[in-house]
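Order of writing sets the labels: A, B, C, D and E. Residues in every chain begin at 1.
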Amino acid sequence: MQRIGVFVCWCGSNIAGTVDVQAVSDALAHEPGVVHSANYQYMCSQAGQNLIKEAIEEHKLTGIVVCSCSPRMHEATFRKTAAAAGLNPYMVEIANIREQCSWVHKDMATGTEKAIILGKAAVAKVNLNAPLTPGESPVTKRALVIGGGIAGIQTALDIADAGFPVDIVETKPTIGGKMAQLDKTFPTLDCAACILTPKMVDVAQNENIRIFSYSEVTDIKGFVGNFDVTIKKRARYVKEDICTGCGLCTEKCPMKNVPNEFNLGMDNRRAIYIPFAQAVPKVATIDPEHCNMLKNGKCGVCAKVCAAGAIDYKQQDEYISEKYGAIVAATGFNPISMDKFDEYAYSQSKDVITSLEFERLTNAAGPSSGHLVCPSDGRHPHTIVFVQCVGSRCASCSEKGKEYCSKICCMYTAKHAMLTRDKYPDTEVYVFYIDVRTPGKNFDEFYRRAAEEYGVKYIKGMVGKVSPENGKLHVQASDLLADKQLHIEADLVVLAAAIEPDKSARPLATMLTASMDTNDFFTEAHPKLRPVESPTAGVFLSGACQGPKDIPETVSQAGAAAAKVIGLLAKDKLTGNPCVANSNELMCNGCSSCERVCPYGAITYVDKEFRMPDRTTKVRRVASVNEAVCQGCGACTVACPSGAMDLKGFATKQIIAEVDAICK
Amino acid sequence: MKKELEAIQSEVIRRSGVNPKKCMRCGKCSGTCPAYDQMEYHPHQFVYMVESGDIEPLLKSDSLYQCLTCFACVDRCPRGVEPAKLVEAVRLQVVRRQGNNHLKTDSIPALIDEDMPQQALVSALRKYSK
Amino acid sequence: MQVNGEYKPLIVAFCCNWCSYAGADLAGNNRLAYPENVKIIKVPCSCRVNPMFILRAFQRGADGVIICGCHPGDCHYTSGNYYTRRRMSLLFSMLNFLGIEKERTRVEWVSAAEGAKFAATMNEFTEAVAALGENKRLEDLRCKR
Amino acid sequence: MKVSYFPGCTLRTKAKDLDKYARDSALALGVTMEEPDNWQCCGGVFTTSRDEIATKLSSVRALMDAKSKDQILVTVCSACHNVIKQTNHAMQTDEEFASRVNNYIAPENYNGEARVMHYLELLRDEIGFDKVKEKVVNSLSGKKIAAYYGCLLLRPNSVMKMDDPENPSIIEDLITALGGEAVVYPQRNECCGGYIALENPEAAKTRSNTVTASAANAGAEMIVTACPLCKYNLEKNGSEIPVVYFTELLAEALGVK
Amino acid sequence: MQKITADMLIEKAVSLLEAGTISRVLGWKKGEFDYDVTPYVFADAESLKKDFVFDDFCGANFSKYLVAETRKAEGKVLVFLKPCDTYSFNQLLTEHRFDREAVYAVGIPCEGMADINKIKEITGDGISSLTSKGDKIVVDTIYDGEKEVDFASVLAERCVSCKSKKHVAYDELMGDEGDITDSARFDEVAQLEAMTEDERFAFWQSQLSKCIRCNACRDICPACTCEKCVFENPESPVENKAISDSFEEKMFHIIRAFHVAGRCTDCGECSRVCPQNIPLHLLNRKFIKDINSFYGEYQAGAEVGSRAPLVDYTTEDIEPGEAVMKGEGENA
């Protein structure tokens, strides 16, 4: 039996003005389990708190009820008071007789009566309370960053700077991501390589950072502070620690016609390759699909020319297991396929290209050494048409495009148009736009410069059809302001393809039990207040995997995610919310209903031995709640048909006791 | 008159099954329309004018009879607006009225030659007349 | 329930901790009155409300039961109120099927900013339940006083 | 196999070749085409208006006939195909429309259960181009042929679902199967001008010339089409290269011309 | 009459026993009366030949028995599953209630089962024997001698509105596979929905007041396989083992229906075993009908691993207020 103390607060006249506090404390004194009942002007004051502490000691109270303002106001205060007097803080219940009684009722009699009932409900609940202790779990002080683009790089650098070890897992042979493929960056036009490659070198040289390139995450288990991750290092057939990156093998390899993915297939590489000069790690990789030695055992040139002896045709995929305290998703984006938009003739003409291909075409390290040429025949283009929103803001068909705005296209197109006009003043540049969206520091000014100073022809309207005729591209489009249909003979058409999350994000989200939206962008824990966290504890979001972003935004978010990770890793132990679900194994059927409604993946199943009535033992599958992950919503308790699942602090019995007290 | 136009507007929207509010004014329909140069009001204007209730000029315009029903605007619209269906719904508003047939059977013989397939005649009659 | 010979409906309101309970507090802050026979029970999330709680309330003499949670999409636990929505849609439809007056049960989404909505909802719901009179169809005579 | 076959008005008159070669080729491929009793003209164009009921009844009757025989309804003319397929789709998806149609045809009831196929789809999906290729006796031996789809075969794509409306391949694949060389050109899925030829021959001429010039530029020696009106417009407006029905090409290759 | 005979099933079972594929057989055993058939576990050919029956009175759905039976001993259990039983079988697998590997499932066709109460309505009590003959059942009674009844006229209610003749799970199929049938099983629910609130209340009040809390509906239900039922758990607020008053009757049946909502395959066993003939399946069907109308067609047990509607959601789901209106309005 509990020994309960009741403390009724006057809150000056806030409560006492409408509620007869003496009558309330008198009435509650007779409730089952109540051994002490008092009232005081301000329970939250130091004097009021002392009153409570003294009563706890004097009457050996095992639980208290404070009839006062909303628990949202002072529950924490009174829990601390109780703890200070040696009482478990979760043995405190608040009856909200201010916000939900004295302030909404005018009549003293009704107010008093309701306050008594609310008090009785709180007493009834406290009678069934049990001391709760928040679970503690240790924190592995190491972070995993999945994705080695600018988002992953920045997050890793910031975490490493705070002194925590970080691993980056990147599927490509090098880190750098999309930014490494860009030429210049808006709105300042600094060269992407000039600002990115020093950061890549920093990553390589940072003692706290390990890079797993050409690798992928294949399994994630565990929970916040304690993730167990399996990383598959794909065989690159080159010993990473021995290869010096001299590049001789990539010159001697006889397989010359492998499409170079770094240049989006616009030129070729060899079967053994280093994606680009500043790759990190600067190590060669053999592409097993094209290597003759690996395919049929005939060749071996690279091994012969490698002075360091780094080539290893027998290399196998390697699986690495590591523990992490926090995981950052930084899986980035890709332009969508242009297959479904063939009215723009992307598949029919080499001179219809995407904006990312345009970046490579203008990049000094690109397939044309930075000379802007028509990919079909290498001639200099005189008329270039840029088409905006290809597949963005497209609601007609989900297989075709994306309903959202891709956010970055307006600005990079302004950049492309401006740079083209700057370098080749003899070109005519048209930009067909629906809206020009430039919210960002110095963004609109940049766009206006393209139009005003560089003479880029911005046309409000849309291209309807591109027809490759006689080596030219016949562009048919609308000019909505002039109310005309235009026919332009262009040399090059550049499509601003919508961007979508990388395909690896969906399986990763499944492994992380992190939620995603219908477009496969990761969902944030709160769209405004927790924008870099996933609802799944210990999982953070960096860059375009959360939504379309430009570089400055990505870097800010990357830093924010790092700050959150550092905040987590700085703790030695994680203290949870003790009001968590718990499963009664004897009653659990193992049916998985609770697991399916849990938004946090906090419920797993274990096979457990049970003694049967006939003294044999049988193994049954039962639910097990990970208290460090459970947030205590209670969805599982109702999904469970047998009532095996309950919620500490809001147990079925406690709530029923409140219902009974109120309805009595 | 205003009331009447509003009634026509809702009738056109109902009949066509098109929601002109979905239009984001990109103009791709007009960029793609093969009959653009024959039209006084262009596909995107049809959508906008129906949406805003400014239907009267459309009812009087010859543009109603220039649409080829080739559905290029329908297929290429990024928002699924289907302008061709609106053009048709407005046209029906006109030709369904007594004596408003755009193409009269009497005038056909002068318009055809011996090679012209029946398909052209029945199509045109169905489009232009009631 | 009868209070001094006068019928006043007893309403049990289950409010989620994050939105609706805070909405009720805000109604108090703004001194927006609603009937005193509305009694609030705090739950972490509307999805904690088991149909058993609702039936228990009716059994013990409640005349109406209302469940308040965050607006769909705003759940503190991301998906709790979506489950509430399904569970209560089916449960209430079943109660209606059994001939229990559908006006006695309700789900309302009330955000922490909607103090006025909370008070208005409670006034309106109480009125609707009052119009039905006492809960006879789900009463338990043993629990009668 | 047996299929229901809706020839349409033009195939009975100005486009007898399109019809004859389709039937002969089908026989050669082991397909019998049965005409529904008392079919009526489809009307040439599909009126998209949801309250246009009466003009769609002829299509519905043909569809019901095919349903009752449990046969695929096949059309050769692009226009008939477009009208019937769109009508069937409306019967499947627009409940209000379907119920109004069903008021007319009561006591019978139809809700889009029949399958509609263009002859080309029949070749591709039921017979298979591989099988067609096996049956070729007179290979077109590398003749450069441009497929002209026009608008009616492919659009609206959400209903027709025949091929990628912007980058189709069904006729090209047929040409290749028959031994010809398919020429791809950008205007193959643009309109020829259609029925505008009646009132505004100039506009039709502009459209048609754009199409034929585009095909000629791409090196085509011949244009094939499935639509009598397309053929008329392209020829009438002075195509430099011959325009033939795809069925004629097929019959020739199969040795039944 | 059934197309498949007891002899065929015995032969199958014996051959599987002899081959060592299975160690025991879950089957129907002859009872005191011809219509009184009980589930039984046969361990050898002899007992099978002696007591195994299969006729128009073998309605029992064996899926649930597998939960307990598979835990009892090593080796596979042979179970004969009628089409409707296979749905329960799958649903139990979805909920991990038994080990699939411990079962050898043989799908058998079903022509529908007879309802003894319907026969008694025609022939009166005192039935001494029942023999199926084509589309007739020959009933011998101790008072009136032999009578013939049409099989079709005494078909159990759940078989009249059979939802499927197609098996959704089996290791082996005997006889021909059937199809999912176009059943009118929601008609009764719709009729009730169309009544006034007062009429509905009166209907259920009179039906549920017949309840004697024998728990037969729960004990037979393949969805009620809880290790401990909430109604028998002293820790639970609804614990109540005996009939008490009209509230408890409703409480029991509402909570039971809610607990199986989205999981109930509509096998109809609850109504079959109810000694008071309460149409309990209507409660389950109401949930199924609502689920179909609110969230799209869903058939529990149609496939293993499907996500039940109550542990699923979409952001666009119907609001409870509208749902209640839809639940009573859309009868068509």
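Some observations on this one:
Rule of thumb we're sticking to: a residue touches a chain if its C-beta (ideal position, glycine included) is under 8 Å from a C-beta of that chain, and two chains touch if they have at least 3 such contacts.
A quick note: this is a predicted structure, and the numbers were derived from the prediction, not measured.
Hopping across touching chains, the smallest step count from subunit A to subunit B is 1.
Across the two candidate interfaces, B-D and A-D, the one carrying more C-beta contacts is B-D. Here A is the chain whose Cα centre lies closest to the centre of all protein Cα atoms. Averaged C-alpha coordinates put the centre of subunit B at 24 Å from the centre of subunit D. Averaged C-alpha coordinates put the centre of subunit A at 50 Å from the centre of subunit D. Taking each chain's centre as the mean of its C-alpha atoms, subunit A lies 36 Å from subunit C. The residues of subunit A that reach two or more other chains are 343, 397, 465, 597, 639, 652, 656, listed in rising order. Touching two or more other chains at once are residues 72 of subunit B.
Shared contact sites, meaning residues of subunit C that touch two or more other chains, fall at 51-52, 56, 79, 83, 87.
Two chains count as a pair here when they touch; such pairs are A-B, A-C, A-D, A-E, B-D, C-E.
For subunit A in complex with subunit B, the residues that touch the partner chain are 343, 389, 393-397, 401, 432, 434, 460-465, 476-478, 480, 483, 485. By the touch criterion stated above, subunit D contacts subunit A in their complex at residues 158, 164, 166-167, 184, 186-187, 190, 214, 217. By the touch criterion stated above, subunit E contacts subunit C in their complex at residues 189, 192-193, 197-205, 230, 237-238, 244-245, 247-248, 250-251, 254-255, 257-258, 261, 283, 286-287, 290-291, 294-295, 309-315, 317-321, 323-324, 326-328. Here subunit D touches subunit B in the complex through residues 8-10, 13-15, 41, 43-52, 55, 77, 79, 94, 150-151, 154-157, 165, 190-191, 193-200, 203, 207, 227-229, 232, 235-236, going by the rule given at the top. Put simply, subunit B touches subunit D in their complex at residues 14-17, 34-35, 38, 65-66, 68-72, 74-75, 82, 84-85, 88-89, 92, 103, 108, 111-113, 115-124, 126-127.
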